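Report on one structure; see the data block that follows.
Chain IDs A, B, C and D follow the sequence of writing; residue 1 opens each chain.
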Amino acid sequence: MYFVIIHSQYDNKVIMVLKPIISASDAADRIKDGNSVMVGGFLNCGSPHSIILALKEKNTKNLTLISNDTAIYNLKTRVITGLALLVKNKMFRKIITSHIGTNQETQRQMNAGETEVELVPQGTLAEQIRAGGAGLGGFLTPTGIGTEVANGKQIIFVNHHSFLLELPLKADVAIIKARKADKSGNLVFNGTARNFNPLMATAAELVIAEVEEIVEVGEIDPNEIHTSSIFVDFLVKAEQFDY
Amino acid sequence: MEYIANKEIIARRIAQIFKTGEVVNLGIGLPTLVEKYISPEVNIILMSENGIMGLGPAPAKGFESRDITDSGGSAATIRKGGCFFDSATSFGIIRGGHVDYTVLGVLEVDQDGNLANYKVPGKMVPGMGGAMDLTIGARIVIAATLHFQPTGSSRLKRHCTLPLTAHKEVNLVVTDLGVFEVQGGRFYLAEYFAPYTPEYILEHTDADIIVKNNCIKVVINTQITEEKQCQKLV
Amino acid sequence: MYFVIIHSQYDNKVIMVLKPIISASDAADRIKDGNSVMVGGFLNCGSPHSIILALKEKNTKNLTLISNDTAIYNLKTRVITGLALLVKNKMFRKIITSHIGTNQETQRQMNAGETEVELVPQGTLAEQIRAGGAGLGGFLTPTGIGTEVANGKQIIFVNHHSFLLELPLKADVAIIKARKADKSGNLVFNGTARNFNPLMATAAELVIAEVEEIVEVGEIDPNEIHTSSIFVDFLVKAEQFDY
Amino acid sequence: MEYIANKEIIARRIAQIFKTGEVVNLGIGLPTLVEKYISPEVNIILMSENGIMGLGPAPAKGFESRDITDSGGSAATIRKGGCFFDSATSFGIIRGGHVDYTVLGVLEVDQDGNLANYKVPGKMVPGMGGAMDLTIGARIVIAATLHFQPTGSSRLKRHCTLPLTAHKEVNLVVTDLGVFEVQGGRFYLAEYFAPYTPEYILEHTDADIIVKNNCIKVVINTQITEEKQCQKLV
């Protein structure tokens, strides 16, 4: 954990513990070749676009991506957004995701054997990340029984029903996007931009939150905070809103 | 009848199934059409797996919010009384049996209630997204599909050949030819849409179909006849 | 589900679907002899005290209680609060709980063999209820390994670590307490009175929420709703605030 | 030295362990005393498993909120920058390794790092509450205890005889006689509180204790000497 420690003007008393605010480029520098990276968002909604763009510039390689999808890459219209920029740069060795229907390049790389793509049911993916963050060794889900998703997985019977044992997911780094943070790192999400972001905040060694607005500590009602400051290492002020 | 019209027949028929207060998840594609045929006398709650209960209509041009989208990524709105949640909560709602209906598109659906719609190996690999959880969790799983593929073969099959999205989870198949209940490894024809006939449907579908005793003839003109109400299906 | 359906004055159009508001006594009537009942709260904080008091009057029997604790029963001072009133009435056949240190009567009934008490680690109890509501067949937790909690449970090894397989919990009825509801049943909790309440809302056949305030639909920011209306069957206006 | 003072020695010593920004959960009883000895130069985050990050001091009389309590059920406050959450989230934080320290009371603690504090079969059965999860999940588990039972026997043991709360999870035991690290099935005496001596401690404790080479003598008067800072323990 990195802290900005604010002492009292008058004595040595620590009056506040804040999180460093860094640039998107600095954030991207903290993602190293070979890292596993969780990226929040659902088809661009609620993705940390400033950090993604900065990461594209770094051209970091051999990453493992854990993300709901790989955003949009339409080979016909040439529309490329968000994470698809990194897919295009071939920055990922492996992609763990639930849906690549909107990214024809990810599909192409998968079919061509250029990138390993593991397709995971969306609810299982969400729960795996939650389990990773919550210290669970796994969970039993009915989802995927009788499908290819069950291949190679342990099936456990409980009360005559069969369930797949799914294991937790963790990552080296999570880059997430919130609507608002206070300076200590508490986060509030907006609308469906919440999606995987609060889950990923719990499941990575290093958590960097890109936010649209940073307010003073105490300005957010403690009942309305979605992610506690203890999960957040760095804040980045969003520079990039369009995708 | 033209292609689009056929999809609308399906959407319109499915829209009649829901009752006020029920929670419904509509998949991308054909299922999305269902929404516009829901009677104003019926007030359902649309949920979308990207984290919204009470999905509203698309916003007017210029009123889109970057932060409110549907599961297809399109700009959306939230209705009064709706709420947002994260993806783990969303699939807790779905897997936990708190969604009444899921309506999903189809590549193949078979008489055992198997559904394939996420993968054509080596070709099209969109991924399952939330579909596997939805078919497991929703109280009633409705497959919405044009009866025939462009090649002319039926999408209703004896056995799916593509990788499965759902294993024995489909309860109801609604096509542009009729309504099929799935039970005990058979399709049961519950309604047929004239001018098609049960005979025509049986002849052109490579699956075991039993015509229900109380099978209903529905006359399709430009709109489904109002003469009948959908019976309680499950 | 029970609905109050509001039609337009002008046509048959359904303009709103609300939840019935019933009395605490009516709520208690819906809990039947032999039911399993989840009750929210943590040492009285965030318990549905009006419904608990009403239930005490009904003297319903053979209930199975699922609750964090059984509130306070001090045999010396004779202080008795919340759920302890029902313990005193011997309304429970079985109690599944994490802590009875503040209720000497529950301990006495347990030691005397009068009531079956299953002690569950608090995190496991919370997760079991969540799993029940979320359609999971169970989960693997490290908690309880090497203790009596592991007795009779399946141990599963994942990556050379051992975990207990814990199973989901559901109930016939959940009675919970929220700070505020809108008329459609969306809930907002306050402070540490949140505790088990949102979890229990997902895991019971019938969910009755006791609330301090009922506002119009649309008055609560959809980002701030803790429990969706779809989980709530009935609302009760709290009559009882002291315990 | 009187009984209460001894507890304060323990609490004061534990309070020196924490560094600014760390997340700490204090159990009910003796551990609760720790809070008042934390230096103003150190700003930790207290979490309480009933659903609060940033637990503040008890409110002034008349300013209690029914809805803000600590895990003992007492009225509490929340500090600026704190937040509330439900019990599943709370134990996700705990089990997930996001709490740095848990400080727990003791009935027995042994040299394998086992802790018993939730049950005396047939007699006192308070239940484990959140303690089992806390000992599993917290990065460092501190057992805080008077060294001796009222009967005179040591609470530090070779083997716990009561049902375990934690199996090989305790990292550090702080008593009114000294500080004991737990490693490899042994207690390591890291500090002793004069006038007690290592010899006295070894003689009066039924456990294998190794006196560390760099074992520190701490002179207890009314307060712990300031001459030494707690070394980084883990």
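Keep this in mind: a contact is a pair of C-beta atoms (placed from the backbone, for glycine too) under 8 Å apart; a residue touches a chain by one contact, two chains touch by 3 or more.
Not measured: the values here are computed from a predicted model.
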item: Intersection of the contact lists for subunit B and subunit D; value: A, C
item: For subunit A paired with subunit C, centre-to-centre distance based on mean C-alpha positions, whole Å; value: 32
item: Whole-Å separation of chain centres (CA-atom averages), subunit A against subunit D; value: 35
item: Two or more partner chains touched - positions in subunit C; value: 127, 130, 134-136, 141-142, 189-191, 194, 222-223
item: Set of subunit D residues in contact with two or more other chains; value: 78, 84-85, 91, 94-95, 136-137
item: Touch-based graph of the chains, sorted into line, ring, star, complete or other; value: other
item: Each pair of chains that touches, named by its two labels; value: A-B, A-C, A-D, B-C, C-D
item: In the complex with subunit A, residue positions of subunit C that touch it; value: 127, 131, 134-142, 156, 158, 161, 163, 165, 167, 188-191, 194, 222-224
item: Complex contacts: residues of subunit B adjacent to subunit A; value: 48-52, 65-73, 76, 78, 84-88, 90-91, 94-95, 114, 118-119, 122-133, 136-137, 163-168
item: Complex contacts: residues of subunit A adjacent to subunit B; value: 42-46, 68-69, 72, 97-102, 107, 110-111, 117, 119, 121-127, 129-130, 141-149, 179, 189-199, 226, 241
item: Subunit C-facing residues of subunit B, complex; value: 20-21, 23, 40-43, 45, 47, 53-54, 78, 80-85, 91-98, 136-137
item: Residue numbers on subunit C that touch subunit B, as the complex places them; value: 1, 3, 5, 11-17, 130, 132-136, 182, 184, 186, 202, 217-218, 222-223, 225, 228-231
